[in-house]
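Next come two complexes built around chain A: one with chain B, the other with chain C.
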Partner chain A sequence: MSEDTNLSRRDFFKELGMMGGGGMMLSAFPWLQSCSADDKAKIVKEKVRIGFIGTGSRGQFHLNNLKSNPMADVVALCDNYPPHLKDASAIFPKAKMYADYRQLLENKDIQAVMIATPLNEHAHMTIEALQAGKHVFCEKSMAMTPQDCFDMYNTFKQSGKVLFIGQQRLYDPKYIRVMEMIHSGLIGTICGIRAYWFRNNDWRRPVPSPELERKINWRLYKATSCGLMTELATHQLQVGNWALKMIPETVTGMGDIVFWKDGREVYDNVSLIYRYSNGVKMSYESIISNKFLGLEEEILGNKGTVEPEKGKYYFEDVKPAPGIMQLINQIEHKVFDNVSFAGPSWVPETASINKGEMIMDHMTAHDGASSVGAAGDGTVELETAFCEAAITGKPAKNLVEEAYYSSVLGLLGLQAMEENRIITFPAEYKIPYLNFA
Partner chain B sequence: MIMKDILISSKRQKTELIIIIVCFIAAFIMNVVSIIVYKTEWSELWTQILWMLVITCGFYALTIIVRILIWLVRRLCIYKK
Partner chain C sequence: MSYSNYYAASQLYHGSMSSVMGTELDVLLIGGEEAYLNNVWHEIQTEVVRLNKLLSRFDEDSEVSKINRDASSYAVSVSDELWQLLTDCKRYYEWTEGCFDITANDFSKVLLDEKDKSIYFLAETLKIDLGGIGKGYALKKIRGILECEKVTRALVNFGNSSVLALGTHPCGDYWPVDVDNPFTHERVDNLQLHDNTLTTSGNTPAHPKHIINPKTGMFVEDHKMVSVIGPDPVAGEVLSTALMVADEDSIPAITKKFDLYETHLYKLC
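What follows is the complex of A and B.
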C-alpha cells in the first residue's frame, strides 16, 4: 500500500529551501549539511569504491539502489552464504567476491564498506573496518549490547573516519518536514508520543534445509537478534528523541511471545514506556500478529498532533463548520429533536471532524509491512549522503549520536522487559549529546 | 396531439422575480446573522453561496406552497358563497 509520487532529492531540498528559513531550517538538521555546496561541486564526478558485506534481502535492497547511484562503485561483495552472494553478483557482476570479511578489509583498493549483516556481526565488523581505515555504513541497530554500541562510537570518534548507521528517517523528506514543523512550535509543547509498529506476518524467510534455520531466520533467535526492539523500535525511538530533542531517562515494559509460538526466542508482542526528564512519556508498542494500525509515531502537542508516517498534521482547534450550516443544524435540532420518528441529522454536523492536513504535496507513505525497505523512505538519500561523506572524508554531524541513543534505548527497553523492572539510562553509556551532554 | 402554449404574463414574471429576489435577500440575511452569531469568517458570504441558493430555492418553494394554500382557501370561500 504505497501512495508514491517520489520526490527527487533535488526537488526535496528545493522544497525545504522554500520552507520558512531555508538555510536556517537546514541548520537544525546538521547531518544534512555535512557536505557543503562547494564540496558537492568538487566531488561531482568522483566515486567511492565500496566493499559490501552481507548480501541478504536488505543488502540487495541497498545494492539495487547503489547501482543507480553515480557516486557509488561497488568493487567487492562479501557473504558467507553462497546463494546470497550469487544473487548480489548478478547486480554487480564485476565486483570481487569474498566469503570472509577480513579478506575484504585487507583490500587496500576499498575506501568504504557497507554492512548489512545480522545484528550480532555489526559491532566487531564495524570496529575492525574503522580500524582498517575504511569509512563504514552499518545497518541499524548498532549492536546487541550497550557496551558494543559504546565501543563502536568510541572507535568511530578515534578513527576520524566516516560512520553512518542506517537510520534512514533522518533523511526522509516527510520526517524532516515534520520535525521542522514541530521545532517551529506549530503543534505547541509536546506532551506525549505514541509510537507503534504492527504487522501480521511471522517474520520468517524460507529455509532450504533445517541446518540453515538460524542462519536465514537470524531475526528470531537471541544469539543473533534482539527482535522487535532492534529491528523496528530503534527507528521510532529515534523519531521521538528527534522531536523532543531529548533522550529519555527511564524505561519499563513488558514483552511476550503471544502468537508466533514456532520455536522463536524473541518477543512477538512488546509494550513499553520511555520517560523523559520533563515528564513526557513515549509509549511504544509492536505486535506482529495484527496489522490493523500499521506503523506510526503520533507526536502529541498542546496545539496539534503530527503523524509523520502518514504525512499528516492535525490542529487541536478545528475550524468550525460554516455559520449557515450551524444555524440550519440548530433549527433542525429544535424542530426534529422531540419528534420520535426523526432519524439521524441530515445536516453535516461532521463537517468539523478533524481530517487533518497533508504536510507536503509530494510524499511517499508505506504501511511498514516490508522488512526489507520501502521506496521513498529516505534510504536512497542516506546512501547518497554516505557516498558524499566517504568521498569528502567528512562525517555527518550528529548522525551517529542519534543512532547510538536509539540503539541503546532499544536495548535498555529489552532489558527492562526481560528483567521486568524500570531501567534508568546507565551513566557509563551516556555520550555527550542533547540533554546528556 | 396539439401542444398548448402556456402564457406567463409580464406581470407574473415580474412578481415571481421579485419573490425570488426577496427569498435570496432573506437567505443572505440569514447567512449574515449566522456569521455574527457563530463568529465565523466573513468570507462565508461568498464561500457559502451555494447554501444560500439552496435556501433561496427552499424559501421560494415555501412561497409557492403558501400561495397555493391561499388560492385553495379563496376557491373554497367562493364555492361556498
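What follows is the complex of A and C.
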C-alpha cells in the first residue's frame, strides 16, 4: 500500500479537521472521543498485553496490523486448528500458543483478548472473557441469536470492561466525513437507502481433507453461521442507522440458494426491506454470483445522494463549485486555509450524466471482493482505538450499541426470510439507544 | 434551479444557483439565523434572475435585444438602470483605449444621447453585449442587498471569474483564495480578499477562444490570465478583460486610470 492510498492515523484526524480544533465531531461521533488528548499523551508509551483467539484469515489480517501497532503487545495466540495457529506464530513468534481459549483466559498476564473465530463462538467467548476480567474485541457480527447479542451487551455493561465489536466503518474516515455531511443537511432529508453487496465467488476456502469441510467453511453452514446477513449485511445496516440516527422497526424479505447449490445451507441470494418509523425504507440485497454492482449504501436525500463506499456525493440539480464545498468544509471545522476556485469564467458541464464529487482527498475505496479485509477501511483505526481503550479502561461510547443493533437487525432479517413474514423489532431486545431509548 | 443548505454549527448559509448568466452562482452568508439568511438568499436569487433577463442578448424580450434589433433604425430610449450601465461602458471604452468594447467592434459608432437617454447605432451591423460585465454588475447589486440586510461576512462566487468578499473568513483576517492555472491546475497565486472583489479573465482548455480583440476582430489566444482586485466588480471585469487584449505598451496607461485596482498578469504555460 502506498502513501497515497493509505491514510495514516494522523492524516485521518487531519482530514477530518480535528487538528484545526473543529467542534462538530465531539457530539456526533462519541466513540472517537473516548480517549481524550490528555489520555493519549499519558499512554503514549504504554502497551496492552493481548491474547488473540481465532487465527484464521481475518485473525491474521488483524495480527499483521498489530505487528506495527506500538500499543499492541500480542503475548498469546489461540486456535483449535493447528495450521492457522502455526501461521499466526510466524507473525508473533514469541507469543504463547494455546489450543483451548479457556486456558488463555486463565492467563492473568493477559489484559485484553481479541476474538476472530466463527460466529457461533462469539457470544460465549466474549462473555467468558469479560467475566474473566479481560477487555474484549470481538469481530462482527456479534452472535447467532438476538438473545446471545443481548447477553453479550448486558455482560459488557455489568463488567465495567471495554468491549469493541469489529464494525470498522465507525472508524473509516470517509464514512465519518459522509455522516458529517449528511447530518449537516447537505443532501436534505433522507428519503430512502439502498444497500447492497454483490460478489461473484463461492465463498469457499480450500479444504485439506473432507472431514474439515464444516470447520474450514463454517460460513456456509447454519450451525456456525447466519450467512450473508451476519457476514456482510451487518456492516451496511449499521450505516443506514448511522445516517438516519434511528433503528428500523420492521423487516421483511426473501432469501434463497439460487446459484451455489453445492451443499451449503445458508442463502446465496437475499433481498430485504427494513422500515423505519418515519416511513423511510432501507432495502438490502446481496447476491454472490454476480459482482457487477459491487457494494454500496446509496443514501438518498431530497437534495442529493451519497455513495460512501465509492466516496462520492451528488447534488440533485445544481452543482456548486467544488472549491466552495471545500471552503464550507473548512469553515465547518474552523480551518483557515487557501481554497482554489478563482479563475477564468467557468462554464459548468451540461452532460446529462451526474458524475458527482469526491467526499475527500486521499481516499481509499475497495471493491468488496475480499472476505478478509481491505487497506484503509478503518480496521487499523479501530484496532488502535481498542488498544487505547484497553489501556485507559474507558469504553468507546455508543460503539457496542451501534454494533448491537446492526447485529440484531441482521438476525431479524434472517428470521423474516426463514419464516416468510414481517418481523417487528421485539420489545425485549431493545436497549436504551436512539429511538428505542 | 437552486440549492441551499444551512450549517447551523457555524451559522453558515450556502445558496447555489445554476444556469444563470451562462454559469453558476455560489453564495456563502455567515452569521445569523437560518430564516433570516434564507430570506437574504431569496432576495439575491430574485435580483440575479431579473438581471439575467435585463442584460441577456439571447432573451428576445430583454431591453438589450430591443436595442440590438432597433437601434440602427432609430434612437431607442432605455431605462435609467441600463442608461447608467451604457454610460459607464462608454467611459470604460475610453479609459481602456478601446480594449474594452461592448460592441466587440467599434463603440465609437454608438451614439448615447444624454437628453432623452437613448442609444443609436451609426452602423447597421452593430450589436451590444453586456455579458462581459454582467457578473460584475450582479455582484455589485448583491453587495447592495447584503449591506442593506446587514450581512457582514459573505463570499460570493459567480462562475469563478467574479468573486465578492465581504468581511473576512470566520477564522482569519481575510478570505484566502487561490488562483489556479486552468491548463495545468497548478496554483499560480494566493490572494487575500477583504471587502473587495476579485475578477479573473483568461482562456481555458475548454474555452480557448472567447475573448475578442475589438481592434483586430481576432480572438485572444495567448495562454495568459489576468486577475484584478479592487472595490468595484464592474470596473474589475472591464480591467481584467482589457488587460487580456491590450498590447504591453498600452498597459501602464490603462492601469493608471484604475488606480484603486491591484492587477496580476500571469503568463501561463
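Convention: the second predicted complex is superposed on the first by the 394 of 437 C-alpha atoms of A that agree within 3 Å, B and C clash if a C-alpha of one lies under 4 Å from a C-alpha of the other, contacts with A are read in each partner's own complex, and residues count from 1 in each chain.
By definition in this document, a residue touches a chain if its C-beta (ideal position, glycine included) is under 8 Å from a C-beta of that chain, and two chains touch if they have at least 3 such contacts.
Keep in mind the model is a prediction, meaning the values are calculated, not measured.
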Chain B versus chain C as contact partner of A:259, first or second or both or neither: neither
Partner chain in contact with A:322 - chain B first, chain C second, else both or neither: first
Chain B or chain C, by number of chain A residues touched: C
Which superposed partner A:314 touches (first chain B, second chain C, both, neither): neither
Which of chain B and chain C A:436 touches, first, second, both or neither: neither
Which of chain B and chain C A:61 touches, first, second, both or neither: neither
Chain B and chain C footprints on chain A, overlapping residues: 320, 323-324, 327-328
Footprint of chain C on chain A - complex, ascending: 23-24, 184-186, 188, 303, 315-321, 323-324, 327-328, 331-332, 334-348
For the chain A and chain B complex, residues of the former touching the latter: 320, 322-328
Residues of chain C that touch chain A when the two form their complex: 1-3, 5-10, 12, 14, 16-18, 22-24, 26, 28, 30, 135, 155, 157, 159-161, 163, 169-172, 176-180, 182, 187, 190-191, 198, 200-204, 206-207, 210, 225, 227
Chain B residues within the chain A interface of the complex: 30-31, 33-40, 44, 47-48, 51-52, 55
